[in-house]
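Below, each structure is written out as structure tokens.
After this come two complexes, each holding chain A, first together with chain B and then together with chain C.
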Partner chain A sequence: MNTLKRYWWLILLAAIAVYPVIGKPSPYRSGLLIFAGIYIILAVGLDLLMGYTGQISVGHAAFFAVGAYTSGILTAKYGFSPSAAMGVGVVFSATLAFLTGRPVLALKEYYLAMATLAFNEIVVTLIIGFEGLTGGASGLRDIPPFTIFGFSLLNHLHYYYFVWTVVVLVIASALAVVRSPFGRALIAIHSDEQAARSFGVNCAKYKTRAYMLAAVYASIAGSLFAHYMGFIAPDDFGILTSINLLVMLFLGGIGTIFGPALGALFLKLLPEITYQFQDYELLINGIILIVVLVFFPRGLFGIFTALRNKIVPRMGK
Partner chain B sequence: MEKNGHILTISGVTKTFDGVRALDDVSFSIRSGDIKALIGPNGAGKTTLLNAVSGLNPPTNGSVLLEGRDVVGLRTDQIASLGMSRTFQLIRLFTINNATVLDNVLLGAHMHLKPTLFGTIFLRRKIKRQEREITQKAMDLLKLVGLEKDAHAFPGELSFGNQRLLELARALMTDPKMLLLDEPASGLNDTEVEEFTRLLMTIKQQGITILIVEHNMKLVMNIADDIVVLDFGRKLAEGPPSAICANPDVIQAYLGVQSTECGVPL
Partner chain C sequence: MSDISHLVQFLFSGITVGSVYALIAVSLVIVYKVSQLICFAQGEFFVFGALTMTTLVSKGVPVPLAFFLSIIIAMVLGALIQQVLIRPMKNTSVGALIVMTIAISLALRGLALLIWGRESHVLPPFSRGEPIQILGAALQLQILWIVGITAVVLLLIWFFFEKTPAGIAMRACAENPYGASLMGINTQRTTLFAWAWGSGIGALAGMAVAPMLFTQYTSGIMPMVKGFIAMSIGGLGSIVGSVIAGLLLGLVESYTIGLISSKFSDTIVFALLMAVLVFRPNGLFSRS
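Presenting the complex of A and B:
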């Protein structure tokens, strides 16, 4: 039974793999799951920064935008291949996070929240301002679909598998980070920065590294988004998107990696259930959020682990 | 350290907070391998001195030589990496994200591992091997302080005294040359103090130099090779325990006339 407890995620993985085969989803349905996957990548990165390192960001969509626009501009206007453009986006985002990380992350709490919010707003303003390059407020069109090794992922199902492969790699690498000496340093910073310093942790450096990794994930998500949509506009990357990511974190269970992933999946699929309430859709969404947050402060993943511990007998701590 | 056998030399250390002199021209040195006690009334500047030495709150003036190298101006994490570790007067353990007792001790190895993001993601086997080695070492240290059974508990589940022992194990995990202990025995009962005394002697035998701030005079008299007395941010006296006990200024300022602790055979 302990095997089940340790490898429960394999079941989830299998479900993702066989769903298109058994469910034969419409392009609309697989599209929903593609969006969910993209948001999972964003949420997992933000969880590293917020849930583990304890640094709030209310502007994470900025790096989502950087990835999407780097991919979009380089492929639509300069003839780059999508994978090369994604690579450039990753390097660009990491560099941007490296340069802004130190000054921004030297701030704490509300000030950090304000600075990251401003960062998001600056990025969106720049996108709107550089109209010639980005298409401005009316958006950037004609972004080609993703190709790997000359194989175009125009088909929804192919893209579904591609995105979810990236999701698995992102979650696996995030788990590798948090379950390691590196992750321990992040948790120490989150707990008590001064004490962490007293044990040799260069806090500014480690905070910046976590920020960079979160930015890289967000940039990858941005590229995946741009090539799927074919058209991107500044609205997709505003502060509302950043706030939505925060909701996913708290709804799913912050500081658990799986929790925010679950939160992203849930929040992206929820409209599928609540759309039938038509005018009351937003109301129902809101009520569900409030109920989860009030009665299950550890989020959906907290509910999940509690259930799992009930079903599978507790193993010794 | 080689020079005069002094591992730490503090000279002319002054710390002012908004014009208030918390430390006023304090100088003393510690011989390598000694236990030096820092005593004095509340507010005398003892913790301020420890923070000045460890870099948490650098001095306004003066120098702190660790093995002949001035560490004033270095970041706290750099000073820690040079072999100076510490415990805190108000316990400061890592408790977020379900960090366990073992996790707290393991963090002590950080300065030797200096994990990189690249290595963490791409060199998994190396990390796993390292992790096995340091876990073994951490368990040995938990055994030394008597907490091996609580390795997977959360720090908050430990008694106050055990939390202090956990802080000590975490500090030892760094392989320190020098240990700064800030009132490690406060809140411990008599039996615990006795055990703690034995533990400090074991640590001393491993060649680790200790600077200890402590109010428990019985403990101080039992273990200290040398004592510095602070009063109002100034050094009032310095010398071996017997001389400190007999010093009229120290009796006046801190020990009190009726002091019985000094009667403990040295």
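Presenting the complex of A and C:
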């Protein structure tokens, strides 16, 4: 039984792998799952920054935008291969995070929230402003499909497997990060920055690195998004997207990696249930979120672990 | 139009927009002072104020009555939210509180969608009459209302916080809640009052510009963000600072749109905010 408790994620992995074969999802439904996967990548990255390092960001969609637009522009206008463009996006995002990280992350709580929000808006208004390059408010068209080793991703199924492979890699790497000495330093900064500093942790450096890591994940998510959609517009990357990410983190259970992933999955699949209520959709989403925050402060993942511990009782302890 | 008249016209629009930003910033500051919380649902009170008044006026309710009814409805709503949803969250992190107010704003926006639909609504001006011509620029009468309402509200707030026992109690709660409660101040009731006032002023901002704006259920987002900016530039907890910052923000926006570039005016405004946060984290007007 303990093995089940330990390796529950293998069941999850198998479920993800066989779902398209058994479930035979419609293009619409696999589209939802692909979006969910992309948002999981974003949310997991943000969790490293917020959940583990304790640094609020209301502007994470900025790096999502940088990834998406770097990929979009370089492949649609300059003939780059998608994977090369994705690499350029990652380097660009990491550099941007490195340059802005130190001054911005020196701020705390609300000031940090405001600065990241401003950063997000600056990126979006620049995208809208430089129309010639980015297509402006009406968006960037004709982004080619993604190719790996000369193989083009042509349909939903291809993208489903590709995106979810990236999701698994991202979650695995995030778990590796939080269990490493680097991750423990981040957690130390979260619980008490001054104490961490007195133990020799270079807080500014570590915070900036966590920020860069989150930016890299977001940039990858952006590239995937651009190629899957074939069309991107500034609206996809505004403050509302950043706010949605915050919601995913707290809904799923912040600081657990799996929680934000669960939150992203839930929030992206929720329209599937609530769309039939039409105009009530927004209100219902709000109420669900309020209920989770008030009654389940540890989020959906908290509920999940509680249930798991009930079903699989501790044995031989 | 001559150059001068252009400059004057930009001044008018800057002051108009600036007054609205100042009001929203003040409503945020009042809540922040007693709750140490920035409420992301404040934009929704802006919308509720504007749309409630529009509906009441269109149903034939006299303008002054509609005006006060809309404010009172917003105040009750704000107090209810504080009592039912914010109060139980006392011991949670800043992040969780922010997300709670985001959740509240989603629910309120959903409610506004149900009540008023997706279409935009516009309120008739408070008083009829031709715009006044000054140096070749047109000054709409509603602008006088907006500026007048802002001035009256700010005076009342000043009077309230400086001269009345309830206002002084509220300041004490902001300063030191534990000490205030030891002095026999009912901190819970004071917090409730602050939320009611904050919501009322937010609604007032929406009502004042409703005749110049097409308001719909999503209209609250941008004014709220601009209110945040004014509040942060003014130094989170300062009413005077946020009023000056709000007006300044409106003017900067109006002149950059008019003289430099409408495309990049928001880029400039947000870059300004980042610069203030990084170089003067206690606000532009702090002494330290």
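Everything that follows uses one rule, which is that the second predicted complex is superposed on the first by the 314 of 317 C-alpha atoms of A that agree within 3 Å, B and C clash if a C-alpha of one lies under 4 Å from a C-alpha of the other, contacts with A are read in each partner's own complex, and residues count from 1 in each chain.
One rule holds in what follows: contacts are C-beta pairs under 8 Å (C-beta built on N, C-alpha and C of every residue); 3 or more make two chains touch, one makes a residue touch a chain.
Just so it is clear, the model here is predicted, and its values are computed rather than measured.
Asks: Touching A:R197 in the superposition: chain B (first), chain C (second), both, neither?
Replies: First partner only, chain B.
Asks: If you stack the two complexes on chain A, which partner ends up touching A:Y52: first (chain B), second (chain C), both, or neither?
Replies: first
Asks: After superposition on the shared chain, which partner residues are touched by A:R209: those of chain B (first), chain C (second), both, or neither?
Replies: In the superposed model, A:R209 contacts chain B only, not chain C.
Asks: I'd like to know which partner A:P271 touches here: chain B for first, chain C for second, both or neither.
Replies: So A:P271 meets neither chain B nor chain C here.
Asks: Which partner does A:P27 reach: the first (chain B), the second (chain C), both, or neither?
Replies: After superposing on A, A:P27 lies clear of both chain B and chain C.
Asks: As a test of reading the superposition: which chain, chain B or chain C, is in touch with more residues of chain A?
Replies: On the superposition, C touches more of the residues of chain A.
Asks: Contact-wise, after the overlay, does A:A176 reach chain B, chain C, both or neither (first, second, both, neither)?
Replies: first
Asks: Given the touch rule stated above, what does A:I187 touch, chain B (first), chain C (second), both, or neither?
Replies: A:I187 contacts chain B only, not chain C.
Asks: Across the two complexes, what residues of chain A are contacted by chain B and by chain C?
Replies: none
Asks: In the complex of these two chains, what residues of chain A are touching chain B?
Replies: Against chain B, chain A makes touches at 51-52, 54, 173, 176-178, 180-185, 187-188, 190-192, 194-203, 209, 212-213, 255, 317.
Asks: Which of the residues in chain A come into contact with chain C in the complex?
Replies: 50, 56, 58, 103-104, 106-107, 109-111, 113-115, 117-119, 121-122, 125-126, 128-129, 239-240, 243, 246-247, 249-250, 254, 279-287, 289-290, 293-294, 297
Asks: Quick check: in the complex, which residue numbers of chain B touch chain A?
Replies: The touching residues are 54-56, 75-77, 80-81, 85-86, 88, 92-97, 99, 103, 106-111, 113, 115-117, 120-121, 124, 127, 130-131, 134, 152-153, 170, 174.
Asks: Quick check: in the complex, which residue numbers of chain C touch chain A?
Replies: 38, 40, 85, 88-89, 92, 94-96, 98-100, 102-111, 113-114, 117, 221, 225, 228-229, 232, 236, 261, 263-264, 266-267, 270-271, 273-274, 277-278, 281
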